[in-house]
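Before any comments, here is the structure.
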Amino acid sequence: MKKRVFLDGLLYGIMALSLCGVIAVLGYILVYIFRQAAGSLSFGFIFRSAREGGILPMVVTTLYVVVVSIAISLPVGIGTAVFLTEYSGNSSLVRILRVAIETLAGIPSIIYGLFGLLMFCRFLGFGQSIIAGAFTLSIMILPVIIRTTEEALKSVPVSFREGSLSLGTTKSQTIFHVVLPSALGGIVTSAILAIGRVVGESAPVLLTVGLSRNIPRTVFESGRTLTIHLYYLTNEAVNPDDFGIAFATAGTLVMVVVAINTLTKILTRKFKNSQGDAS
Amino acid sequence: MNRKYADRFFQYFFRMVSLVSVLALGAILIFVFAQGLMPFVGATAPGIRLVVQNIGELAVNGRVYRNVPDSISLEEDARFISLRFPSGDAGEEVVDIEVNADERDARKRLVFARNPSAKVSYPEAYVVTLGWPGLMAGRDRKIHIILPEPPYSPVEFIGGMQWQPVRDKVFGVFPMIAGTVLASLGAIFLGVPVALLCALFMAEFLADRPAAFARGAIELLAGIPSVVYGFFGLMVIVPAVKNVFGIAAGNTLLSAVVVLALMILPTVITIAESSMRAVSLSLKEASLSLGASKMQTAWHITLFHAHSGVIAGIILGISRAVGETMAVILVAGNSPQLVFSPLESVRTLTATIAMEMGYASGRHSEMLFSIGVVLFIMILALNSLILRLRRGMDVV
Amino acid sequence: MKRFLVAAFVGAFALSSVFAGGSGEAAGAQNTPYTIEVGGSTSVTPLMEKFAEAYAKVRPHVKVNINPTGSGDGIKNAGTLYQIGMSSRELTPAEQGQGFRVETVAIDGIAVIVNSANPVGSLSVEQIRDIYTGAAGDWGQVSGSGKSGKIAVVSREAGSGTRGAFEELAGIKKLVAGANESTSTGAIKAGIAQNADAIGYISLGSLDASVKALAVGGVAASSANVVNGSYKLARPFILLSKADAHAESKAFLEWMLGPEGQAIVKTSWIPVK
């Protein structure tokens, strides 16, 4: 019995240690980045142009890419999720659709980059541009949006739909006026998750959006997102202070990710609460 | 009545919209495969091409060009190339070449009927350059004879050990396939035990609040862009590996494995933990009531009953490691060699694509898409494994 | 929900008007804003950024967009995606013969670099070849190095202009297996600055105090020695365009080749005129 207690304690210790280790590594990465960035990172850093050592053009390009890819992907993703939850029986179309979404979710991002390069940059003639990158990324984030939205739609109680239908509305009216509004929180969450993916993505963006450092005027121009700026700075490091700027960019990216994570969590909690109240 | 039509309309509308995903997947398959299979299907060009520099007038097989175009394509089945052009001192340069199309060795395919006055060189595979000193310095007269490259053998592509894409035009990707497999497996061996210990601890032993905190931290780990990991690896892990093992350079398989292990941790932990939480309470209670300790229950009951979820998490982790690009480029060293030790420089499939895309031309560029196809097939195999496991889980 | 849809539509319209604005902008008279797309070699990029910065003062309405992708990409897309393509190597035979206007804008030396703590000061071309082909794998095998330990060989990726020129000039047929391949000048510089056993090569124009440049065959790596022909490791920076390029991009090309542009070249590279 004593041996058992000892063994349990040992295992407990190992497990606790490994979790602490993982969190410590995380902490170390964060501390390392922010300590190196300390010299360069400031509020003005985000709003200065690249020649003055700032990252304004990259912030603008990243925003462009995010807005355009979400604008393309969100309606399609919501439409697909509605089809899957509200209309689908067990037809072969649904099975194909499910396999397609699963497969899309598993494709490595560099393959999306190759595809975007072939289809949008070369075949459709957009060249390396924000629009080509946004199209590519919008396909990449589609599975994320579909899955999360589907979960949200599923959690809308059947009684809502039945109530609405019993009042004589049609199915599409029920969807637009009852189901979608009640699932709004989940839909917003899915959009934020997708934004997180777009902001953090690098390989496909390098292949489709390019590296140009100017502030883009239109979506047909090439640009450089924050992740690509970080990659390029670490690679080129032409000026000695480039590493400081690279760390500051990394710090900015981490802060964006933290903000997105927090926002998602708050929204999910709120959404769950309102669901709880309703049912 | 109107409302009914609207209802119908929206039904078809949603169906059409949902088809976008299927179409997108189809487009990806068609585009990437079409481009990636090109080098194995056809030759790079139908026939021999001539590229001419600094020669004003030229006769090729009897046809006279006064304003010589930049490039001249010969007929597909040309067996003979006869070049004539005026040399400086009112004479004429004459080169007669027989084309031996059946010869497999590209260097021996052109047979010069007599020794030409030109300097013959082979700047790269499938190219023969004839050079004459120019009338002015730096204006050498040159004729490049570009032979079409025959379809590449898929066996030599998959099994080939050499990757010499520029000069020799040899495209063997086996070292990169091995590099990808080794890096991913290494990351799994290093990362999964840690991930499972963390997940089990979070699911079974931590109170709600600390568990939520840990989960938040791990989500943050998942959200850090891969370039940041690569950068961190380059500045911290690479020098550490160099110093600890006393080797010439720290850009090694081991560095790549460590970075990838860090990157797959959140994926495996998140999925494993949620499937451990889903194990029904009654099973655990039964175990506890039989006198098993909490630790025994955790290992024998929770881990056992969550195994399909755990395996799914591991496979997802593998596919994340296989697909990872930027972080690996920064730390792996990228030498296209077959490695036998974790302390050697290694290159993965994804790294090859991202590194060389900007520089590649011609068949080299198509070959990068072929690498994409190989990667695609590996990922599809992993995905179908996950799908099968999911189905298994649903049945249970 | 309706409001949400309306907002989505309004957003889509706003975007499409942005697209329309983009396509209508290309053609124009004297001082209408114009963007010159330049793309290609990463080695030429630092020079091109200096050009772009100075040109913004000469013709403020012209914007120069630089895409540092790689020599191969610059050559492939010159005249189509990019009005001006950049290359840091001579065109291969297959790349010639597409009707390009090829201009050499500068000459750049290739500096062989080691860590500042490395006692080696000079190597012969043969020694460099031995190191890069694997005939010499240890600093002890390099005569006169006064150092021992395995050599960490750092090279560029296949297809890079710098690598092509370096291998041709040093007579390297096949790179030693195990050599690290980096995608850029900066990565090599950073790697060598923190590794006392490493050797690499970068553009002479990107050289700074973080690493030490070796003399090759007893000749120091300097612009003056490249000009007088005694330092052999040099290659051209090439700009490619098509005859039907826009007037603004032609003007920019002339400006770079003219006295003002060549004065900028002189800051770190070797002018051609």
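Here the chain labels run A, B and C in written order, and each chain numbers its own residues starting at 1.
In this text, a contact is a pair of C-beta atoms (placed from the backbone, for glycine too) under 8 Å apart; a residue touches a chain by one contact, two chains touch by 3 or more.
Please read these numbers as outputs of a predicted model, since none were measured by experiment.
Asks: From subunit B, count the fewest steps through touching chains until subunit C is reached.
Replies: Shortest path length, in steps: 1.
Asks: Which chain has its C-alpha centroid farthest away from the centroid of subunit A?
Replies: Ranked by distance of C-alpha centres from subunit A, the top chain is C.
Asks: Give the identifier of the chain nearest to the protein's overall CA centre, each chain being represented by its own CA mean.
Replies: B
Asks: Tell me, please, which two chains come out on top when C-beta pairs in contact are counted per chain pair.
Replies: The chain pair with the largest number of C-beta contacts is A-B.
Asks: Starting from the mean Cα coordinates of subunit A and subunit B, work out the distance between those two points in Å.
Replies: 23
Asks: Determine the centre-to-centre distance between subunit A and subunit C, using the mean Cα coordinates as centres, and give it in whole Å.
Replies: Chain centres of subunit A and subunit C, defined by C-alpha means, are spaced 34 Å apart.
Asks: Can you list the subunit A residues in contact with two or more other chains?
Replies: Expected reply: 75, 234.
Asks: Among the residues of subunit B, which ones contact at least 2 other chains?
Replies: Correct list: 234, 330, 357.
Asks: Touching two or more other chains, which residues of subunit C qualify?
Replies: In subunit C, the residues touching two or more other chains are 42, 69, 182-183, 187, 190.
Asks: In their complex, what parts of subunit B are in touch with subunit A?
Replies: Per the stated touch rule, the residues are 3-4, 6-7, 9-11, 13-15, 17-22, 24-25, 27-28, 31-32, 35, 194, 197-198, 200-202, 205, 214, 216-221, 223-232, 234-236, 262, 265, 269, 293-296, 299, 319, 322-326, 330, 350, 353-354, 357, 368-369, 372, 375-376, 379-380, 382-383, 386-387.
Asks: Touching residues of subunit C toward subunit B in the complex: what are they?
Replies: 42, 69-73, 75-76, 92-99, 149-152, 154, 157-161, 164, 173-174, 177-183, 187, 190-191, 194-195, 197-198
Asks: Looking at the complex, which residues from subunit A come into contact with subunit C?
Replies: 51, 68, 71, 74-75, 127-128, 131, 176-177, 180-181, 184, 210-214, 217-222, 232-238, 240, 242-243
Asks: Enumerate the contact residues on subunit C facing subunit A in the complex.
Replies: The contact residues of subunit C facing subunit A are 1-2, 4, 8, 11-12, 15, 18-19, 21-23, 25, 35, 37, 39, 42, 45-46, 49, 53, 63, 65-69, 77, 81, 182-187, 189-190, 206, 208, 210.
Asks: Under the stated contact criterion, what part of subunit B meets subunit C in this complex?
Replies: Per the touch definition, subunit B meets subunit C at residues 49, 51-53, 69-71, 123-124, 127, 129, 144, 146, 163-168, 234, 239, 242, 247-251, 329-330, 333-337, 344-345, 347, 355-362, 364-365.
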